[in-house]
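There are two complexes below, and they share subunit A, which is joined by subunit B in the first and by subunit C in the second.
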Partner chain A sequence: MISILEELAEGQRQLSGPLVAAALTPVDTSEDPNRLQSFYNFSNAAQISTSLRHYLTQTCRLKIPKQELNAWIDLFSAYWKVVGELLKFGESSTRASWVQVFDNWRDLANVLIRAYTNFGFENWTISCLYVVGKYLRLFASKADAETSAQSSDAFYQEDATTDFGKNAKTEEAARVLNRMFTLCLNDRAPLEASRKWGVYYMTNLLFKTYFQINAVGLSKNLLRALSAQAKELPDLEDFPKSHIVTFKYFVGVIYFLDENYGEAEEHLAYAWKLCHRNATKNKELILTYLVPCHLVNTHTLPSKKLLSHSPRLETLFRSLCDCIRKGDLHGFDTAMTAGEEEFVRRRIYLPLERGRDIALRNLFRKVFIAGGFEESKDGQPPIRRTRIPVAEFAAALRIRTHADSRTRIDIDEVECLLSNLIYKGLMKGYIARERGMIVLSKGGTAFPGTGV
Partner chain B sequence: MSNTQSEDKKAEASQQPQQQKPTVLEEDDEFEDFPVDDWPENETEQASGSTNGNNVHLWEESWDDDDAAEDFSKQLKEELKKVEASH
Partner chain C sequence: MSSGLPPWRASASATTTASVYPSHATPAYIPVQARRSLTTPSKPTPAVSIQPAPADADSARKRVEFPPAVRSYVQRCFEPEHQIPGVTRQEMETKLKSVITEAAQSDSLYKIDWATLPLPQVMVQNDKTRILANPEASTWGSLYMAATASSAQTYKHDESSKKRKSAEYQTDSSSNGFPPWRQTNKQNAFEDRITYSPTDKRQRIDFKNPTSKSKANLEMRKKRFEDTRGSYGSSPSSRAASPSPTPTGPVVGRCQELEKNYFRLTSAPNPDTVRPLPVLMKTLDLLKKKWKSDNNYTYICDQFKSLRQDLTVQHIRNEFTVIVYEIHARIALEKGDLGEYNQCQTQLRALYAQQLGGHPTEFKAYRILYFIHTRNWTAMNDALADLTPADKQTHAVKHALDVRSALALGNYHRFFQLYLDTPNMGAYLMDMFVDRERLSALAVICKAYKPDVKIRFITEELGFESDEQSARFILDHSAEHFLQEKDGVVKLLTGGKAAQLFELSKNEAHRVVDIKGQI
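Moving on to the complex of A and B:
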């Protein structure tokens, strides 16, 4: 019993894409630890086509149109070759090579693409594109890692040579994946039988590939192609949620990297809401970008509860958020320096830095609250003191920047910080310079959105 | 899932002799494949988040911290006195 062939035959009988895709998944399973080996032993290089043909038409008595049958046989012959390459890793031989695996898998991918364009593969088989695309990317990155390990073992190690062609196979994979993307996007068949249903899956694979080789800019070509076809595509909500969430996450991050935090937040929030509740790692990744977006857009912090669910997010954001909340400028600067490497690596440094304004706003808000209330007149509700000496803000800055009493804080500098916050809409009021006072807006609007 | 895991193990085992240098940096940050293709509405984060389906618990609603406000008020008064004294 050869489980790969059984899955293939059963997939053909039921016209089930997932079953055929399972056959094309190049791994051993716990149920069948010799899955690949037993398929490989099924035949040999000279006879694999004949053996497959005999198996499908005689043993399983499948009736498949001739051209299509030939395409399946070509596909699984190509697959058989890759399996041979993969098995070399188990033989502890030195002939095993991820570059070989990749090259053979790329051939398999091309056979599959041709099966769609020339030999009438129908849309029920679309899961085959998914699994072939997925492993194409995986094998490419293993091949590139292998190549770079070998070249760094070699005696020449000049920067120019090690960097050159570092991602050669991954780039090649991206080109093949792009053809698969087009194959899905441009299918003219009616929607119910269309490969268009595969378009977001392929887009997501390409996003991952482009991010991996630091070519995020190329992602925008995909977005342009998608929006040009928007009218012909099914609604996004009608796709499986795994496709939607992944797509929305990447689109959000792409806007994020463009510093378009408004658009970014919309897409990321959408991804967050639809994400599977048990997908911890993916939820953390979404929040890694959603939290800075929200800070920039609404000047609001994540709740303690949200961070407490995830140690990774705690480490990333906790101390920064505490400092922002307390208006602790010194602490904020320290936390930014401490986290700098990680923030830069995750490309969230820039928006987080904007948190300093929020920290300053919160510090000045504390000064306002410490100022207390005017004496209320005949039963009127008490009104906060809205005229505050600039010197009080200066004193607050001294406390929070850990200046000692002899360090002078320039009043001009404080006025500059105040007018900056007013300009950014974080405070409402004006500076009465001749009196050394700041006059804040009355009626709970001095610090918009914070309740006072 | 067990498929990919066994695949990864196999890959690692075969690579270890020739390669110690970790390439995990990017993998660690990569958006993972979901173990299932689709899931019902009630398994989404939105549904599990709260009863009315809104992200009320996500963000801090209030900036007020009354205990700390008093502390700060005292600290501020002391600081102002210090400044006056030094003039």
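Moving on to the complex of A and C:
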């Protein structure tokens, strides 16, 4: 029993894309640990297409149009070759090479693309495109890793800054994936039989590839192409959720990297809401960017409960959030320094840094509250003291930044911090410099959104 | 999107496609013969239709009036000094015939740059080396070699040589001038650095001695063949993929002159015009003196570029290289030539990664300031990721990081304190964005203070040198009536309207960042 061939035949009988795609998945399964080997033993290089033809037409008695049948045979012959390359790894021979695997898989991808453009593969087979694209990217990065491991000792570079060829295979994969993307995007068949349904899956694969080779800028080309075709595409809601969640996540991160936190939050929130509740890792990834976005946009911190689901997020954000909440500037600075490496690596350092403003606001709010109330007149409800000497804020800063008695707190700097909070709308009021006073607005609007 | 080439390759392809233009296709690089022995007959090229037979060539010669360039080309072929041992006269003649016939029949007699076209004997020799060097073709190659060596001039051979020619001008030129078996997916890294510009630039190299131009060209070409036979085909990218026959090293210069003008390379470098390391060291000393005495930036920049080029083509990467880039970067900074500065900075980053000495922290600090100026946050993220904990302890890097964080939080007070105390030459970089940040600060101040602030306060907070200077700055970006004299002191009337004006100016200033900053 050769499970790969059975899956292929059964997929053809039922016109089931996932089954054929399963056949094209180049891994052994737990049910069939010799899955690849048995397929490889099925024939040899000279006879593989004849054997496949015989199997499909005679053994399984499939009725497939001749051209299409040939395309399937070509596809699985190419597949058979890759399997051969993959099996070399098991033989522990030195001949095994991911570059070889990649090159053969790329050929397979090209056969598949041709099968769509020239030999009438229908849209039920679209899952094949997914699985081939997916492994194309995986094999490419393995091939690149292999190449760089081999050439790292050979010191020779044309120019000081040449990263040249470091990602050669991945770049090549991106090119092939791009063809698959256009293959999906530009299909003019009626929607129910269109490859357009695969467009977001391919986009996601390309996003991943571009992020990997540090060419995030190229992602924008895809977004442009998609928005140009927006009218022709089915509604976003009608696509498989898994495609959309990933897509929205990446679009959010792309805006995020541009410091466009408004747009970023919109897309990330969409992904967050749609994300499967058991997809822990994906949820973590979304939150990694959504939390800083939300902090910048709305000045709100994640709840304890939200973070408690994930130990990773807990370590990432917990102490920072606590310090912001308490207005603990010293603690905030320490937490930023402690997490700096991780924050920078994830590219969330810059937005998180803005959390200091919120910490400062919270501290100054305490000063305001500590100021107590004015003498109430004529039985009116008491109002808070709204004229506060700058020196009181300076004292608060001195405590919270752990300044010792020798460090001078610069009144001008305190004023600068205050003026920034006013400018950013975190405080309402003005500084009367001549008198060294802050005049805050009355009626519970001095610190907008915080109840005082 | 649908084109095969992704955008990040596009630039590379743009340079390569330039070589397709017949006008300067050939001289820009070594035309390499197509693999004659492996030609697949199943792919007929258009040139196959050309009638073979030497007789035809003769008739062509009678029909066509040859331009003088062609005549001098032929003449040169027969000059004894150009004969190459191992290439028989007969082989050369056959080749010559086919070259000219080909040119005549494709109407390109006037298009080909005959002065720089390799001589037929060179082509023949190259063919042989290629075939010998290529193990895959060895069997066929040697068979063919035997055939040609015996000079059995048959109809068939003649035809095959014609095929080769067409491939040379059509197929090959479009594929970078490397024969198919040398083509890897990646292009030669060095090729990317060469722009195939019209030949005029190269000719200027010989301007001192115009009479012997063609001869000098000839010399240069000969040199090129000697040096580049394998070297540029065997750059690291292709070396991995194909067995390279002669892994020749980088160019070793022979030029002894200290000064040299910069030309962008349009061909493989000629060792006669490249200065070796000891000469370059003297050059640097000379340049340093000249910069002190003359302060002529145009001259010094040009000289440094040629200095850097000589280092690059000879693959010299040591502390001296770092020093050259550092000095050039500093000079460019001083003159505000950000384009040139950025080139040096990019190179330096890679050089520091190899621990070659120099002043890494000083330049890492500049890098951060530079990205503040260009507001390239993606690159800033990368720059931050590059820093080691030890880097962060140094004065310069710490300063740059503080500047960045002060700006991120809008802490203009701290920012201008840092501005007045900038280590090294960072102030040149900070000067580029300090006005921008002054406007931001003024927008904040006008919104937060009421009813007014003393001009003295602005001067001190925003790092102006004098009250006059700050008053001038305010007037330049707002209206006169916001400055008023009260009780003997000039005050800036703050409030909504002034804030609005500065907000507008600020947005304007933040919009126009010239990323390249070239002058």
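The rule we apply is simple: the second predicted complex is superposed on the first by the 436 of 452 C-alpha atoms of A that agree within 3 Å, B and C clash if a C-alpha of one lies under 4 Å from a C-alpha of the other, contacts with A are read in each partner's own complex, and residues count from 1 in each chain.
Operating definition for what follows: contacts are C-beta pairs under 8 Å (C-beta built on N, C-alpha and C of every residue); 3 or more make two chains touch, one makes a residue touch a chain.
Given the structure is predicted, the values throughout are model-derived calculations rather than measurements.
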Subunit B versus subunit C as contact partner of A:431, first or second or both or neither: second
Touched partner set for A:273, first subunit B, second subunit C, both or neither: first
Contacts of A:47 with subunit B and subunit C, given as first, second, both or neither: neither
Partner chain(s) touched by A:412 [first = subunit B, second = subunit C, both, neither]: second
Residues on subunit A lying within both footprints (that of subunit B and that of subunit C): 150
List of subunit B residues in touch with subunit A within their complex: 2-4, 6-7, 10-11, 13-15, 18-19, 21, 23, 26, 29-34, 36-39, 43-49, 55, 57-65, 68-69, 72-73, 75-76, 79-80, 82-83, 86
Subunit A to subunit B touching residues, read off their complex: 25-30, 89-90, 96, 134, 141-142, 145-146, 149-150, 152-153, 208, 211-212, 240-243, 245-246, 249-250, 269, 272-279, 281-283, 285, 294, 298, 300-306, 325-326, 346, 362, 365-367, 369-370, 391-392, 394-396, 398-399, 405-406, 450-451
Complex interface listing, subunit C residues touching subunit A: 1-2, 4-9, 185-186, 189-190, 192-193, 235-237, 240, 312, 315, 317, 346-347, 349-351, 377-378, 380-381, 384-385, 405, 408-414, 443-445, 447-451, 453-454, 457, 460-461
Contact footprint of subunit C on subunit A as seen in their complex: 147, 150-151, 154, 156-162, 164-165, 168, 171-172, 174-175, 178-179, 181-182, 186, 215-216, 218, 221, 225, 257-259, 344-345, 347, 349-350, 353-354, 356-357, 410, 412-413, 415-420, 422-424, 430-433, 439
